[in-house]
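A single structure is presented below for examination.
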């Protein structure tokens, strides 16, 4: 079975089916949906996160479910409003990183030659320069804010995607139908958008999810260092202020524990979701599953070792 | 089929866990040895060895200015008085154009050579030759310095300038026989200092800790009783506070939130703090170069809209008090006139009067509730603060709410320090938080708040007077101050300055900064305290030598 | 050999890009270091001090390009300039022994995490759908989703602050003299448990999954089946046949992970006031200490490039195909 046809048949339905089939992916998707919901409607349900509503550093109580910060603000309100900003930045950067990566990767892989050499060199260089220190240095010199942060994360995060996409493009380019399209004189843009891109949908989706995880983590890290806009309410700045208000010293675990947990839950949800995407993206896993189902229908237990269905193409 | 594969991972995990618990050995954190005082004042990720008292204050390690080296006179900010130190007497002559200081006899440098007035003259000569060392700008008013004999040094002034004494008194003195051989004193790290102070011997210097031992030839015989000063490097306040709470640090000068619970509560018998309000006063600066802030009524109204009680609660955990209308901190307690302060009622939180004042100034409310200046522009402003300075950010938030209540729409805007400083210095702001200047007399303080001489045009960087307010009345009083050496007459002039400030409200005082000081009496006694306020307890008070008073009073238990 | 040379060329280019970025970035932004230094004093320094500071640093207005060439020339001589915040100490003095600690922290974290994670992944794939395989990967992925520094904060809070089992920070106790002795090494290990532990915990999941997935793929291949059919002992099949080949993708990732973990270690160092480069870098950035910032960034980059080079050597040893195709 050719991967290209499988991918061409991919539609939203296939994705949903894949997610539903995989228990982990279902859980991940549910978790993510919950957070997206919180991000969308949450801020209307809680009060102004910056309002000074009570005595600083109060532990959780019926009045303030997650207690108050070192400044006397409601932790829950900050968490919820922070969810919106952090998720928005995370998703936007995730998509942007993939777009840049895909653009560079496809250009390099498709056109080959000197273009490829130059672009490959570029992303290989960016791959070996340590990202976080570079991000710290760049972020420190741009005006603090979500846009800066997003830009910094894209600059330090696109290279890996470009590399993978390039390899995939090279593989696709060698295929018969692409060669045929080139011979029949179809335009490059058309070949790329019609023939090559569709085969990579699942790869790109998986990359977008992975990049989102990276973006959220890196964003929280940079903001924790005070390199974001500290007057904004995001997960990272919440942690920054918790540290600034000596959360450890005062034993105010409620000022940093929920935020960390949320970051982890979103990251976890995304990773789990990715395993569902993997099912679509990775035909091998899919075939194995069919095989297991086949055996089970016949009342046979699959052996502990991996069933072998080798795809030779 | 059950394959026999590598040792079960559970076994590896168990081994790891065993190692983990093996390395964790109980709660015992051995205290520092007897006589070793652990101090945390600078927060740095790692130490660099520099004991040069003349170069930029940040480069040299903390004890350099008040511990290794010593100033001519120490200023006690709690008592508002000078303590004779390397100089024991002074005398103005020639119509206040010459100042003679008598240096202390029998002081030895730590290498055994005698300290003389020639070292003093040499030190000031260095400042002249290398302007980068002249941190206090003394050569802006001096014309010459020479030693008349081993015990007398004479300063000649370009003009009559009495406040210059404060800058001369605070100067640390270096030995001529060492520094005359240094080619570039600006870049000289002075790794093995020769000095007159109580602690001169570098015993240990590593990137995460260093130690100073006693000066064997210290001029105050039998002192110091502390044997060794130890300085662990902590990258942030937070880490330093953690060490302080666990008694790994004996003396620190940090901000600690909820200190009664966090620090005192942990060891009520030993953990103490005293935060005298002798720090720099914090102001809200309105840019008086444009309307409506050029109107004193508007400035006073803004001031009345601020709930300072809430502000010190929220921003400072009640460690400070609302400022009075003179703006003077407790460091000027001896200068402050309570009568004048009482007349300044515009620092009280009175929304109704603020509204009335704004109305009378022609700033009427628009349909949206936001006031309009007489020319019709809505009163919408940013309050500038520095990102990361949490007390300021919170204070600004409280102010913004207060202003909102009287129809002035203000939003808090945080900038990185450099960006903030640049804007404030160049006068490109509407409202901004800011500090004020400290000195032994209110001269410097008021000079940088309302002297016409300090007003620079918008766009040109100014070190102070960011609100760009010049008062002719204040100019006269300040000029008189420069010629007045008599303390009683100085006091009258200081009162006049306060009266002018309260009348004209050039800036909006918020609160005096506390001088941070925490200490544990478990291992040492003799710290200044509310009960025994012999000096400022904070290790941050090094610029005018005050820490020396504490360092020479401590006794190991 | 050509493979190694090509990689070396890439690293040289990367180093140059880092250097160039490093030089131009801070200079295109506003602000000067003397003012930033002033920040620390919040009014405790008199207004005259700022002018003195500016004079001290001799802030220059020379053309940028000229400064750039001078900078490059100096770097080649190993002269990273004078730190501004630590004036007059040179950058190499300030960085000094700190780098050793960062490399130690990141190196041992990556090493332990790679070894343990890979073994767990191998086992997980071998006993696929076994008890461990069902919960361990998910659990570790979950733990790995927490930010490094957050795990570090929690570990410090619980094991350092509440239980008091471990020191609250630093690389060794203030009383201990750094020397090659057992007591010093034990002390260093004691101080390293929490920072290294949290970093290992945060990265374990990635290695496990990477190894597990590639192991599953390899276990399905013909030569492994052949090896099994031949009746080779399972341990030999698992380690020699499958494991070695399954390791390749992880090794490729190793070099990348080093840079990543080094970044994470900067954050972890800050939480534990570890005397490495982490806080130094952040402080340098805040103080606009260009030379120090450039120095640290350069040194970190070079360390990562060096580590990548070592990984390339390992790769060459593991994958004979490269050796044959390029020789």
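Per-chain residue numbering starts at 1, and chain names A, B and C are given in the order in which the chains are listed.
Here is the rule we use: a contact is a pair of C-beta atoms (placed from the backbone, for glycine too) under 8 Å apart; a residue touches a chain by one contact, two chains touch by 3 or more.
Predicted, not measured: the structure shown is a model, and the values here were computed from it.
Asks: Counting only C-beta pairs in contact, which chains form the busiest pair?
Replies: Ranked by contacting C-beta pairs, first place goes to B-C.
Asks: Central chain, going by Cα centroids?
Replies: If we average C-alpha coordinates per chain, C lands closest to the whole-structure average.
Asks: If you average the CA atoms of chain B and of chain C, how many Å lie between those two points?
Replies: Going by mean C-alpha positions, chain B sits 38 Å from chain C.
Asks: Taking each chain's centre as the mean of its CA atoms, how far is chain A from chain C in angstrom?
Replies: 22
Asks: So the centre of each chain is just the mean of its C-alpha atoms; given that, what is the distance between chain A and chain B in Å?
Replies: Once rounded, the distance between the two centres reads 47 Å.
Asks: Could you pull out the residues of chain C that touch at least 2 other chains?
Replies: Residues 127, 161, 270, 286 of chain C touch two or more partner chains.
Asks: Could you list which residues of chain A touch at least two other chains?
Replies: 243, 248, 304-305
Asks: Could you list which residues of chain B touch at least two other chains?
Replies: 1, 242, 416, 419
Asks: For chain C, which residues count as touching chain A in their complex?
Replies: Against chain A, the touching part of chain C is residues 10-11, 13-14, 17-18, 21-22, 25-26, 28-29, 127-130, 138, 141-151, 153-154, 156-157, 161, 216-217, 219-222, 225, 228, 255-256, 259-260, 262-264, 266-267, 270, 281-282, 285-286, 293, 296-297, 300-301, 304-305, 308.
Asks: Okay, in this complex, where on chain B does chain A touch?
Replies: Within the complex, chain B touches chain A at residues 1, 237-238, 241-242, 245, 256-258, 261-262, 310, 314, 317, 387-388, 390, 393-394, 397-398, 401, 412-414, 416, 419.
Asks: What residues on chain C touch chain B, complex-wise?
Replies: Counting only chain C, the residues touching chain B are 30-32, 35-53, 55-56, 82-83, 85-89, 93-94, 96-98, 116, 119-120, 122-123, 126-127, 132, 159, 161, 163-175, 178, 186, 189-190, 193, 197, 233-235, 237-239, 270, 273, 275, 278-280, 283, 286, 288.
Asks: Can you check the complex and tell me which residues of chain A touch chain C?
Replies: Counting only chain A, the residues touching chain C are 24, 121, 124-125, 127-138, 140-142, 160, 213, 217, 220-221, 224-225, 227, 239, 243, 247-248, 251, 253, 256-257, 259-261, 263-268, 271-272, 284, 304-310.
Asks: Under the definition above, what is the set of chain A residues touching chain B in their complex?
Replies: The touching residues are 50, 52, 56-57, 70-72, 143-144, 226, 229-231, 241, 243-246, 248-250, 303-305.
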